[in-house]
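For reference, the structures are reproduced in the following blocks.
In the two assemblies presented below, chain A is common to both, partnered first by chain B and then by chain C.
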Partner chain A sequence: MEALMRILTELRPDVDFEGNKELVDGGELDSFDIVSLVGELCEEYDIEIGADDIVPENFNSVEAIWNLVQKLQED
Partner chain B sequence: MIENIKIPEKWAAEIAQNISGGMRTNFYISTQTLFPFIEEGRVTCQRFPGGSYFFVEGEKQIDLYFFLEKEKKLQRLPDFPKPVVLEQVAMEKADVSPTAEEWQAIGFQPYLKRRRLFLSAKNAPVEQREILFGNETDLPEIIDLMQESFEPYTSALPDAETLRKDLREGRVIVAKENGILLGFLRFGREKKVSVLWQIAVPKVGQGKGVGSALVRDWLALERAEVTKFQLWVREDNPSAWRMYEKQGFLPDGRMAPVMIKKKGL
Partner chain C sequence: MVRNILEYLEAMAKRLPKKTAFSSAEGNLTFLELEQTAKKIGTYLLRFGGKNCPMAVMMQKTPLSVAAFLGCVYSGNFYTPIDVTMPKERILSILNTLQPGVLLIDEKSQKQASALEYTGEIVVLEEILETKVEEEKLAQIRQNAIDTDPLYALFTSGSTGVPKGVIISHQSVINLTEWYTEAFHITEQEIIGNQAPFYFDSSVKDLYAVLKTGAQMDIIPKMLFSFPIKLLAYLEEKQINYIDWVPSALCIVANTGALENIRPSALRKIMFCGEAMPTKQYNMWKEKYPDALFANIYGPTETTVDCTYYIVDREFADDEPLPIGYGCRNTDVFILNGDRLAQQGESGELCVRGRCLALGYYNNPEKTAEAFIQNPLNPHYPEKIYKTGDIAKYNERGEIVFLARKDHQIKHMGHRIELGEIETAVNSIDLIENGVCLYDEVTQRIVLFYCGEAEQAYILKKLRDKVPKYMFPNVMIKMEKMPQTLNGKIDRLALKEYYDREHQNS
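Coming up: the complex of A and B.
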């Protein structure tokens, strides 16, 4: 989780991630952020994120991103 | 070898795999947006060791999307009968990779550069304005004005049907004097962000504050419904920059250099 927060704040230091449940739907993270984030997450956590998982619901909050990482680590 | 992309789902999976693998790319659009183009046979691909190019054929140009592993080199492109356009969104503080020089080595030339500006809705002025919406009778004049005012390849100009729909649904604000069009502003929504797509003021309207008035109309109209306002402005348009800054817009650190490879280079 700590590494995830570091990745997110480095990517977008201007965004308040705590408690935000609409990071994508609210327009805080755009497709450029998502592409950068997916690459970083895969490298950090040694996972592969498939096309079906690159959807707004999985990136709308820190918790959703963390759940996705955990799910893919278990696979 | 150029291949036609035929199976959208397979293509989406390949792209996700490339992104997961941390490849360098300018592919920042959803694959869903491009699915209809695949059905129309407009998407082709060239694969090479360490990377791939995807070409999306438009009316006037071919848009290039690339995936390239770190340390790998760009390959020469096949010849196309239309200019090939490459838009590479990046953070201002980070280096663009591959660099402009690397693209130039395979025949591209710098074309233009845009920066993104934003304004939080809570910082937009609260004001009552009398807003004049365009209607369908303005369509031909707005199309002519768009074609005169914007470069043809990367301005995301709408086709006539899209513009007609926007006019009907109140997404085009106009300024007029004695029935003569002095300018228009077309906007849209991306989630909870209001995006200015095009604004243009013909010679007859210039020097009268028409552009600022249209922007203020847009802010007043959308303020209560969105979290922020966003637009891209060309670096070589300082008067537009000043106008947006006066309204409170700030750069958000995104820039988008555009390179072009003209036919036969």
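Coming up: the complex of A and C.
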């Protein structure tokens, strides 16, 4: 979780991630951010994020991103 | 002969009145509805007087905003789309250059509009839709219109920090539309999946293809471009068969492997423009759509969207660049090396001649004179050409290949950006001593080197008020001091070498 917060704040130091449930729907993260984030997550956690998992629900909050990472680590 | 783009609209409103012209999540407009709505808006706008005056439109991207553009044209004036999400300072800078007769907004953009503290006339579109059309007055305006009158102005990044308003006439858009609807066989069967924002000139093609041919344009929700599977499912659901997208959007779909899961079945024509299309990702698309028409399209805003195109007609290896091809119909594109034509294989600056040329930059005679010059090959009579600032060459097949930029202009996620504009914004931040930007072509990142006390979060927070999000640096490197050249300028080359060394392994 700590590493995830580090990745997010490095990606967008101007965004307040904590408690934000609408990172995508609220327009904070755009497609460039999502692409960069997917790349960073794959590297950091040694996972593969397929197109099926790149959906707004998985990126709308820190918790959702964390759940996605955990789910993929279990696979 | 078509002299005014409204003739396209009126012909379609007669021929296909009930067919949907523009659709989006917010609602649809048929050709007849579009014509009537545009006329109402046009009639209302008459009170702001003027002829060939600028009018700014700051609205959500909906079919109604198309009606607003055309309403400006009905009133005898020209339109400028303004991005609602753009920072306040940049919007005000554009409005300051334009001095528009009116700022048209919709209910949803009211909040942003009031935050501007703009003192000129503001009209909320939803409030004027009951206006009674005054056919006679509109007809009189049309009577006096000529095809060199301006149709729209679009703003592009300027190196000094002030965006430049490229002003385009009716004849240039007619010239473009007549050509490409024919070249790409666009008919009323087409369902165009629109990606390009209205403040980006690629959308001009989508929009006027609809008016000219009776095709339908569906505005794809912007958010879908972050989520490839959802995007492809949307194309399937809407039975979209024609797309003309920025390569970044096509690449995201290809890179995530989404095409392996869903292959939208109706897609027949796939075009890309706005930046170089990487061949690897093109090949991934081509593999899924072996029979589709693919075209690589090139052109600066100053040449009315397109000036060259290449219909991909042979195999390309992943490391072989796609050519930008040949000049569009009625457009002369040539490569100048100094004041003479470049030979095959020799690089030079790409120059353009023809009806596609912009009228100039609005209220900016200096920049206009720099970019639109007398044809150096013709000393005999006045003839303007446009210098693109792009370096290109002819390959052995006689096709034009794009090589590089002459200056500090970059293409990032399809956006045309002057690094100088970012630098100007960064340098205006209080805790920054100086800042210089580079572009890392490989990872497609804007890299900022800066000196000063500012924290990175602070820099981005400050930038939010000054430049659009797509101009944000993706990497920020704090320096003790900047390397300098012998004559005391910041040594960009040394910075580039430093960056390459530090980031070789990442």
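Couple of notes before you dig in:
The rule is short, and it goes like this: the second predicted complex is superposed on the first by the 75 of 75 C-alpha atoms of A that agree within 3 Å, B and C clash if a C-alpha of one lies under 4 Å from a C-alpha of the other, contacts with A are read in each partner's own complex, and residues count from 1 in each chain.
Throughout what follows, a contact is a pair of C-beta atoms (placed from the backbone, for glycine too) under 8 Å apart; a residue touches a chain by one contact, two chains touch by 3 or more.
Please read all numbers here as calculations on a predicted model, not as lab measurements.
By the touch criterion defined above, A:D14 lies against chain B and chain C together after alignment on the C-alpha atoms of chain A. Looking at the shared chain after the overlay, A:F32 reaches both chain B and chain C. Of the two partner chains placed around the shared chain by superposition, chain B is the only one that A:E22 touches, whereas chain C remains out of contact. After overlaying the two complexes on the shared chain, residue contacts for A:E43 are found with chain B alone; chain C is out of touch.
In the superposition on chain A, the residues of chain A touched by chain B in one structure and by chain C in the other are 14, 24-25, 27, 30-32, 35, 38, 50-51, 54.
Within the complex formed with chain C, the chain A residues making contact are 9, 12-14, 24-25, 27, 29-32, 34-36, 38, 50-52, 54-56, 59.
Across the complex, chain A is touched by residues 85, 223, 225-230, 248-249, 252, 255-258, 260-261, 413, 455-457, 460-461, 463-464, 469-470, 474 of chain C.
For chain A in complex with chain B, the touching residues are 14, 22, 24-27, 30-32, 35, 38-40, 42-43, 47-51, 53-54. Put simply, chain B touches chain A in their complex at residues 9, 12-13, 15-17, 19-23, 25, 27-31, 89, 190-193, 226-228, 230, 252-254.
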